[in-house]
Amino acid sequence: MSTHSTDQKQISKVSPKTSTLVRARGYSAKAAAWLVMILFAVFSIIPMLWLVLAPSKTQVELQRDAPLSFGSFQGYRNAWENLNVFQDGRIVDWIINSIWYTGVQVLVACAVAILAGYALAATRLPFRKTMLIVTLVAMIVPQVAFVLPLFVEISALGLYNTAWAIILPGSFYPFGVFLSYIYFSSTIPAELYDAARIDGSGDWGIFFRVALPLAGGLIGMLAFFSFQVNWINFFLPFVVVSSGDVLTLPVGLGILFSSTPALSPQVGANALPIRAPEIALAGMIVAIPILIVFLASARLLVRGVLAGSVKS
Amino acid sequence: MNRKLIGALVMSGALLLSACAGATTTAEDSAGGGEEATGPRTLLIYVDPVREAAALAYQASVEGEIDVTIEVLGQEEIIAKVALANQTGEGWPDVTFNPSNNVGVFQDPLNGYALNLDDYVDPAIIDGYNGSGDWCVIDGSYWCLKNDLAQTVLWYDTVIFDELGLTVPTTMDEFAATALELAGTGYVAGAIGDQGFYAGYLWPSGCPISQVLDQDTVRINPDAVECTRVFELVQPLVDAGVLDTRGSFDAGFLEDVARQQNVAMTIGPSWWGQFVIRPEDSWAIPAGRMAAAEMPSWSGETTNWSGEWGGGVWVGNSNAPNPQDVADAIVYLATDPDMRADKVTFPGYKPAFEKWAAGLSSDPYYVGDVTAAMVVQAPKIRQDERPARFDLRGQLGVLGTELQGSGDVEASTRTFMAGAAELAAGVGYTVVK
Amino acid sequence: MLRHRAKLVGQINALLMFLPYLVLLVMFAIVPIVMAFQVSIGPSRLSPEGGIGNYMFVFQDFRFLSAVGNVALFLVIYLPAMLIVVAGLSLLLDTIKMKYTLPLRLAYLVPAGISGSVAILVWYFMLEPTYSPFAGIFAEFGITEGVEIFNTSNLVYIFALMAFFTGAGNWIVIQYGSLQSIPDEILEAARMDGANVFQMAFLIKLPLIRKYLVYMLILVFAAGLQIFVEPYLISSSVYPGLAKDWSLNQLSYTLAFLGSNLGAAMALSMVMLLVSVVVALIIIYRTDFFDEARLKVKDKK
């Protein structure tokens, strides 16, 4: 790979004068690079900052004062109380639903994906190649593409307007299966499997005693992606559930858009005390959990998700 | 184990599942309302935020007898919700508040949602509407009750009129002339970048947009003289800057124009006063300025017609096991005089209207009796426009968007009407000129 | 004999482990497609015979072509922006020392929480001059009105901006992670050869993460094709009708629930699904990204 013999010649070509020039150009290039990166970081943060600060102000303050100014902590309380006026605290239903639907989805999706990925990677599964191709295809085609067909099926199954209409499709996690497959086939050396097999363990034994204990990083990643996708999901719950008390927070937020004066002034100024600060609070409640999960899992992402090898 | 066998099993399992599921769908599709009413009586009511108070009042009035659940949603969602329920065969809302055109969509036999009210509503109630409830008549039966009338009137600011020495126009030509006199003064004659243009100009003029002639035919014709005269009259006003192309609720329009008390006059519906002009969060026009006059008439017309912006209807669920309860709820919500007295909109039902008007006509906020013009216009809502099977209300959003974007009245209206024609064809109408 | 029995037990165990996923796969991926296909070739008001009637209706619908155009233009703007910015920023991050870049990487992740309905909320306030922190910048360009920003010709840029904002940071961090997986020997060797920073980035690192970038583009393309939430919500609130039936998925939804034509809606869903699946298959069979995965399966026969 390396051609050390030519190095000598090349290094000797670099004179001290050229190297200063190179260094100067290097500094300004580096400064430019930092500027770009920091600018992008600033633009990344400003909207979230706005979202977090908005509920602390009143509607009037929001329009009048600086966009990133802080109002008062009482502002959050007021915004929360006003939000609860909508259908007598419907927002609490939405929050609770979002939490437990996503919780169940993540649990089921990860458990199923780990088992399936392991089966693909380390067992004598019949039709492995077909299953893998199907999983790859399902992975690339987003769930959104299935929503209207899912609606037809869910209504036929009688699950329409139930929590399960949201939870079950959300537990189908082909990306998790693929990640799990890659993990179990590349991170865990074949020798470990063989050794366990020689010791007399069956497939289940190997899974529980060899594979699972080493799958900490994998489980983290699976939970992370599954949580993100399911928490924010709009189209599926929107179509397969109709009653407000079964809906999730992102869809509830959409309902607030069209039924309150905050984003729909034609609804009427006096109808509900829900204006921009209140809606921002609702948006905050949707966004903050994802933010927390993301920041906490940043290390996992850094370690090379796609490259497949998650070194612990 | 035989791999082919496994494969075959999986595949046939999948097909079997889909076949069963498919069969269930067809079985449920033909389900009508024949269930026996067992257990406590329940009603599910869908309203928009403005009508929530009415629904709550109803809920209180039947407490103990009927278990009422109320859901609040945006007006554009109702057709979709009902369609979802139609598809799944369950979960219909029993009473819905709708934009007027929805009754056309729901009465469509292929939709089947709307309850025929003829058998369940006392004829005295229908009489109480004095004809203004006839929007709800399709093929000779009543399929809804009108919640309110949203007849357009001419709202004007007496202070600005005095200041500029203007007289209240009685014809559309006078309206245009008066509007042009506002040029350069900073005052405007209203905003047209929304449904108001359809309700206040196209509809009263008789431009054929949704003239349903029968179950199979609708007249949509942008070349009709009733349309072209609107283009010719309005475009110069837009060009002169005296008609704002933004929507009446646009944040910018509110800031720069409305809240600055720069609206000299505007053609707007009867609820404009209490809902838009007066509230602090809206135009916040001070007291003692605004008055309402009759609609200006188009030349050659014997009547000074109005259109309607809004004017909702209550539609009942034909699949409900307790249709009489549904009808009773609708009657209460649409007509109860005490409940309607302090609401924002002009009740269609006479006794309720009288109580409402009594409060408003002597209201010192307005100059003179604003209900006088409204009463005159109430029977003058032009009857050419009828409920249609396609979602006209959704399409109206396109009209507003086009006007805001281009400021070209004719092009925007043609785009809007072309879309309406396509939608009409898509639900089986023959579109005629 | 014993070996056969062991093999059988092995297969049964494997199947049991795989079964829950298989059930979900069949129930929530395969069956819906089959059912949707049945509805799409079924009868509807304008094509009582069924067959391809619904498909013809969709292709001739007055909104179809413009929806295709909208989505196509959206992708044409969105994908290259993603590629350039994500590749660029992740390379930049990789060039600087790791510990200094942690706060930056965390910052880039922040927008990931602003997705779907929250994105509409936040971006409405970011772009509406009356509320925006960037109002000053807008004013510099002579923009003071909401309608100057929120109009039909700008929609494609607004949605591309929203999608970009939500997704870019996430992918930057992921691609940065991919860059970390490049073996140090290769980088050392290149450095020894005298490669400067730019050559390192564009001639060495970039080609090595090429397939991960391709994978990102595929996922982003597939998701972008299906855009629904943002145009739908903006048309049902602040600017009614602004982006009505703007995207293909919106058209499908409208056909199903506002146009009482479930058959046509399913036809459109089928077509979109087909496009996504074809693209997926092309990627799987014609690129080397999944070769590694498939080869592993082959080995274990």
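In this document, chain identifiers A, B and C correspond to the written order of the chains, with residue numbering beginning at 1 in each.
Here is the rule we go by: a residue touches a chain if its C-beta (ideal position, glycine included) is under 8 Å from a C-beta of that chain, and two chains touch if they have at least 3 such contacts.
Treat the numbers as computed from the prediction; the structure is a model and nothing was measured.
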item: Distance-maximising chain from chain C - centres being C-alpha averages; value: B
item: Pair of chains whose C-beta contact count is the highest in the structure; value: A-C
item: Interchain centroid distance [CA atoms averaged], chain B/chain C, Å; value: 38
item: Between chain A and chain C, centroid-to-centroid distance (C-alpha), Å; value: 13
item: Centroid distance [mean C-alpha coordinates] between chain B and chain A, Å; value: 41
item: Shared interface positions of chain C, touching two or more other chains; value: 11, 15, 22, 27, 31, 35, 130, 236-237, 240, 253, 256, 262
item: Sequence positions of chain A contacting 2 or more other chains; value: 126, 151-153, 156, 239, 257-258, 264, 266
item: Multi-partner residues of chain B (each touching 2 or more other chains); value: 1, 6, 18, 21-22, 74, 76-77, 84, 87, 194, 251
item: In the complex with chain B, residue positions of chain C that touch it; value: 8, 11-12, 15, 22, 26-27, 30-31, 34-35, 38, 45-46, 57, 61-63, 128-130, 144-147, 151-153, 235-237, 239-242, 244, 253-254, 256-262
item: Of chain A, residues touching chain B in the complex; value: 86-87, 126-127, 151-153, 155-158, 160-161, 239, 242-244, 255, 257-261, 264-272
item: In the complex, chain B residues that touch chain A; value: 1, 3, 6-7, 18, 21-22, 24-25, 48-50, 52, 70-77, 81, 84-85, 87-91, 194, 247, 249, 251, 254, 275, 279-282, 344
item: Interfacial residue positions of chain C with respect to chain A in the complex; value: 7, 9-11, 13-15, 17-18, 20-22, 24-25, 27-29, 31-33, 35-36, 39, 85, 88-89, 92-93, 95-96, 101, 103-118, 120-126, 130-133, 135, 165, 169-170, 173-174, 176-178, 180-181, 185-186, 188-189, 192-194, 196-197, 212, 215, 218-219, 222-223, 225-226, 228-229, 233, 236-238, 240, 249, 252-253, 256, 262, 265-266, 269, 272-273, 276-277, 279-281, 283-284, 290, 292-294, 296-298, 300
item: Chain C contact footprint on chain A (complex, rising order); value: 1-4, 6-7, 10-11, 22, 26, 29-30, 33-34, 36-38, 40-42, 44-48, 50-51, 54, 62-63, 66-68, 111-113, 115-116, 118-121, 123-126, 128-129, 131-142, 144-146, 148-153, 156, 168-169, 171-174, 177-178, 181-182, 185-186, 202-204, 207, 228, 232-235, 239, 250-251, 253-254, 257-258, 263-264, 266, 276, 279-280, 283, 286-291, 294-295, 298, 301-309
